[in-house]
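Two complexes, one shared chain (chain A), two partners (chain B, chain C).
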Partner chain A sequence: MDMQSFRKTYFEECHERLQEIETLLLSLESGDYQDEHLHAIFRAVHSIKGGAGAFGCDHIVSFAHIFETVLDSVRDHRLALDPELMEVLVTSSDVLAAIVGAAEQDQILTETFDAKAKADLSQYMDGAEHAPLPAAQASSSDAKKGTSRTYTIVFKPHSRLYEKANEPLLLLRELGGLGEMILSVNVDALPDLSAMDAVGGYLSWTITLTTTHHKDAITEVFEFVLDDCDLTITETDRTVAGEMKPTPPLDASPAIETGEAKVSSIRVDLDKIDRLVNMVGELVITHAMLSQQAEKLARDGYPHLARGIEELSTHTRELQDHVMAIRAQPVRMAFARIPRLVRDVSKDVSKQIKLIMTGEETEVDKTVIENLADPLTHLIRNAIDHGIEDAETRKAAGKPAEGTISLSAGHRSGRILIEIRDDGAGLNTKKIAEKAKERGLIENPDLMSPDELHQLIFNPGFSTAEQISNISGRGVGMDVVKRNIQSIGGKVYVKSEAGVGARFVLSLPLTLAVMDGMIVRVGSQKLILPISNILESLRPRRQDISTITEGGEVLDLRDHYIPLLRLNRLFNIPARYDEPWQGLVLIVESEQTTFALFVDELVGKQQVVIKSLEENYDPVEGISSATILGDGSVALILDPASLYDLHTKQGDSLAFAA
Partner chain B sequence: MSKTVLAVDDSKTMRDMVSFALTEAGFAVTTADDGAHGLKVAQEGTFDVIITDINMPNMDGITLIGHLRGLSQYQSTPILILTTESEQGKRDQGKNAGATGWIVKPFNPEKLIQVVNKVAA
Partner chain C sequence: MNSLAKTLNENAVEEDQQFVTFYVDGKHYGLNIKDVREIKAWTHVTPLPNTPSSMRGVLNLRGAIVPIYDLRAVFGQGLTHPSTEHVNLIVCIQGRIVGFLVDAVSDILSFSQDQIQAPPRNRGKELERMNSVMGLGESNGMMTMLLDIQTLIGNQLPVNDDDFLAKPEKKN
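Here is the complex of A and B:
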């Protein structure tokens, strides 16, 4: 059997435990002292150690052991948890994480890697247990071949032995496995049947055993019952008895008990859930088809059919909600790292920051959560570095020296809103206006409201010189935040008030399996555009469209020239209208740019179930996926970013051909 | 009919290993992820052997054993505790609470099967 097959599970579990340790340590540090926190941290470290032994990860075992020993003293109140020790524990959890990480990658760390942390921890140890006890010794039942000895064993179980569900017959059978055995049972102590206690220890045995095994092997048979019986083992001519008393308890700490109820759970492969989500998607589509057909029939005298379809609709929707809920996880998973981040960054920039988190229970799709970590980290870093002023400035402005950042999550009209709010100075509207003008993003800042100006910070390459610092000026700007959020179908915007603070709001879809789409028509084709990418739609005037020699067609959008893409030409579809001023253009925001997209007309907004093209067909440029509409027809979902790439390529080849 | 085993451990790694090893050896294994859950599962079914970890949230193994021994159906069911070598004290506590025997971590599957067979026939 291959223990390595459990390695993956073990390390996954380690990461969960490490996260838990970190979260709990931070709770303790922030003053939320609870004994149960310490117990939970101890258990987590203990559990990491327990598994490590099975996989031969000795480094983890040795470090976790010291860590655990100190934690044990703290939870038993033999050690006071002062700030200094707190720091040691936080560092140790980092070191443990590094060791676990290295073991997972099969990297060998130098002996000195954890020397400092070990030394720090050792200061807190009472000297009783500096090194882990050696792993279980090889079974002492190893036969010592050759010499055959004969033992006489007298075994008299107490009633306690039976109470603990030990069974003398099993022990005797095991003993028989060691060699030749002659057995006699002594029934003298048996009382009358009427006086007999079912679990009374009335019987005793005398055994003559001839074996090549050592006496230890015999003792081991009775390992579990030594305290609950009289046992003498006599070798042929020597008597060796009563040596098997177990050592007295070293650890008499009371049992831990909590009243907390826990929801029982099972782990399921994500694949299985995705398959389920897919099937429900199919069901939704089938239902839509059925109900369209049934509408007509129902009118023609099949009232029960209408009711049936109605019920099917309710159940389908409910089923869909429940299945989506399986993939949903509390945003706590994404929020969990934030306290640590705030702690570290605020230390780096010497600011006092209080973090308030609310709504961590809010549930959202797992994929959304996974893609939330980077944007959140960036926004929080920004808030600490640029948002919150230093203590002096704050005091001068009549604010408390300690800055506050609040992170909250909640549901609003079928989406999840995540808000990062700080009580700092707010965005510097003037500087943004200057910068935007300098970069040619806008012409006249005076024509724009402060709110409009603020949104400019999400433009690619927008970063005021003052914003560069080693905390957040890492070459990624707010445009990356925006792109990340957009890639999971979300939107981000900022509200800021000078002197009061800034508020970033992320609006995210609850699931990635269903999307709000805008159905557009080009000729006979219906195509779908994600609503989150559409800024507006309009019918341009003839004079708004012009052609630039190298850049192709552009649309003049309120004195801004943006590229014009003709959907009919991109996909070679015969359209109803030839010119944009006859049809409609959508202003579409993609990851790199904003462009205008010419279509015949808008058909309407609809929630669509996303079907992967790669899985069902082949990737197609300009198309992200497909869906099935209520009438059963397949509609392709456009991908704005690759649509623009396609446009650029076609332009190049046309220019080349010319 | 194969013997039924309930394995209670808050570590998925341990649950998986115990479950895999014993299933291979022909036992029918059910798992629970903490003491309270274990007690619930035990009450809802019948098991020939129960294996439990000591350090767990929501009721540790020692308390679980106490509760199980208080139930008529588990008065004579073998209960094994999973302990590490350094937990001699816990082992004794477990015994006092009514544990039949113990398995020392880290264990190998052969040892685990051997111990379970030892108490469960």
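Here is the complex of A and C:
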């Protein structure tokens, strides 16, 4: 481990801590006041400061110090947490994040960058009479006041202190930085050289320190070694003696700290996990290859081989699940920023908004989470800016003045569904229809259902906002959301009811690496359909298939007519069978609809490793990705929803051609 | 082999550019050697549905899915009837790995700047389509058409979503 990697780890931790600070501040603001929250915020700021000192990030140290001082006053109830102070704290956490960000990038910020925030904070520091002013920091000069005091400090390190590789000299030097120091060492306890333990603690120091700083500043110097030494700090006029073992500033909550200690975890580079995922992927392919070969052998002749391959299959699958679990993270990671977003945006547009989040613990692959942040931000901004009406309009419509946005996540049939629902006005169907006609996207809006019209908002450059606000409405919006979601194999659709609200649903794959697939054959081609989309398979009777005039074919599925798609026609592949009653149809469920898909035959179920097609090529309609079969050839993975889109488009172009 | 050795010697001259040369439909073409990753005998590919005919399909190159373009079809000369004699040139362009199906690889040639002529301006219709030719190399009395790999692929971008959406409207 070199310094650089420590530094990297430090900044990674900083980002986590900053996130934590923000979350906690917001829960404080929302009225969930708990002392524990304040303690946790204080600890987080303190840790950021501590590490920054080690890496020479003075800017972080000086700002974090002031921030921490104010927080300290608040948690000791010396300062009341009013909305004004709350605002200062929230802003300060932003400033701190910016400073940390700059330090990470080695950017140099101007001295005045944090001046305003510092001034805001200092205001509270002055108000807090007993605000401790530990002064190992440059910034303390701003707040330095009071008379100088003289302390007598007796410092006797135990041998454990040395075992932990602490160096008293450094502590004494730091102490010297606080003021004028007279130092004497006591060697009485030193044994004969022959009896001496090289790492034993035999020395003690008596220090007379004249300083303007508070006693806490002195304690802070010894903060990390308190448990491993005897320390007595005596003020010359007023004697405050005694063991300082219980550290006053940091004993906030032993319960929490032990709780944290129990969760043993290590930090692993994402690259390493990715490599592991890839290797498991290759293993799955190799396994498929082996079992394919083994099937050709007489089972009786090689019973051990057959059993071995079966076991290999179980182990591979298990290994895969575990590896995937490493990458899985609660969707909370993506949701964490939303409360803050809602707070800021609703303030900007002066609307009152209540946010309800559910299902944050739903686990999904890290890559999915990473790609979720932007679309979510967009949808939430839109909901606040366009969805929720202003208070007067709401009251007039008989709704509560406060708008509600609910954000929920959950699993459904092997996918994760994320829903953003608002109780606003809903989409303006009429305006969408006008706009779509104006843009030439549609010919006759009257022929379309409101639902179909609503989906048009995902077209590029489609925005009905009449005024360009700085929140949303720049005409780039929903199409970007759609593209982002599609790029990770997801779907987005909208349901809206005028006056009641709009509901956006994102349907995403749980993992981007592996899935259970059904191999189907059309002609000489093998294609794969996600098992999670297949409801059943059957061979229809001739009379079950009918043609609707100018409307394609339908299959009579137990008295329900569902559209029939012929994969051979959609993809232009010469098939073995011409008619569904010779081959097979699969009943396929996609997000929007259920349809029947005609193929030649089913080949079998197989776990497939998803390989991106778009890495080297472009999206192909009807196809989500590709995989490699046991024989090394590539098979395409079908995407039911886009297959259905393709079907309707082909229907369109046939109709237009006719 | 002789010519290869010669090429290596010529490599000492820095300004020279090296090209992998190959035949498509009897014509001699070259691609900058820096872009070429490997040369692979033709193997079965998995066709991609509803793509231009020049897109032959995808193959598995050590775990990566690589699309293969039929260069003859790219040049509008119809489809190649590939056999094991045919060759895929695997190239890397802007981080993407793609393959070109060609008839045969011939050589590696070095051209100095003054051996490369700009292609003629007065193009006919057929040449217009071939604006991927960035220069004409001359070596031992034989002309090599040096291809610009960017344009080559750029011309072949498949119909994307938006175009697809626009199509029915245009017909109205």
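Heads up, the rule we're going with is that the second predicted complex is superposed on the first by the 344 of 658 C-alpha atoms of A that agree within 3 Å, B and C clash if a C-alpha of one lies under 4 Å from a C-alpha of the other, contacts with A are read in each partner's own complex, and residues count from 1 in each chain.
Here, a residue touches a chain if its C-beta (ideal position, glycine included) is under 8 Å from a C-beta of that chain, and two chains touch if they have at least 3 such contacts.
Owing to the predicted nature of the structure, the values given are computational and were not obtained by experimental measurement.
Shared-chain residue A:S30: touches no atom of chain B or chain C. When both complexes are overlaid on chain A, the residue A:L441 reaches chain C alone and has no touch with chain B. In the superposed three-chain model, the partner touching more residues of chain A is B, compared with the other of chain B and chain C. Look at A:F42: by the touch rule set out above, it reaches chain B but stays clear of chain C. Legend: residue contacts after superposition of the two complexes on their common chain; A:K611 is shown touching chain C, with no touch to chain B. By the document's definition of touching, of the two partners only chain C reaches A:E621; chain B does not. Touch criterion not met for A:Q293: it reaches neither chain B nor chain C.
Comparing which residues of chain A touch chain B with which touch chain C, the overlap is empty.
Listing the residues of chain C that touch chain A in their complex gives 44-51, 57-60, 63-67, 96-98, 157-158, 160-162, 164-165, 167-169, 171-172.
Remark: chain B residues 10-14, 16-17, 20-21, 24, 32-34, 36-37, 40, 55-60, 62-63, 69, 75-79, 84-90, 92-93, 95, 98-102, 104-109, 111, 118-121 touch chain A in the complex.
Across the complex, chain C is touched by residues 278, 281-282, 440-441, 443, 459-460, 525, 570-573, 611-613, 615-623, 626, 628, 632-636, 646, 649, 652-653, 656-657 of chain A.
For chain A in complex with chain B, the residues that touch the partner chain are 1, 3, 6, 9-10, 12-13, 39-40, 42-43, 46-47, 49-51, 53-54, 65, 129, 132-136, 139, 162-167, 170-171, 174, 199, 223-224, 227, 246-247, 249-253, 255-258, 260-262, 264-265, 267.
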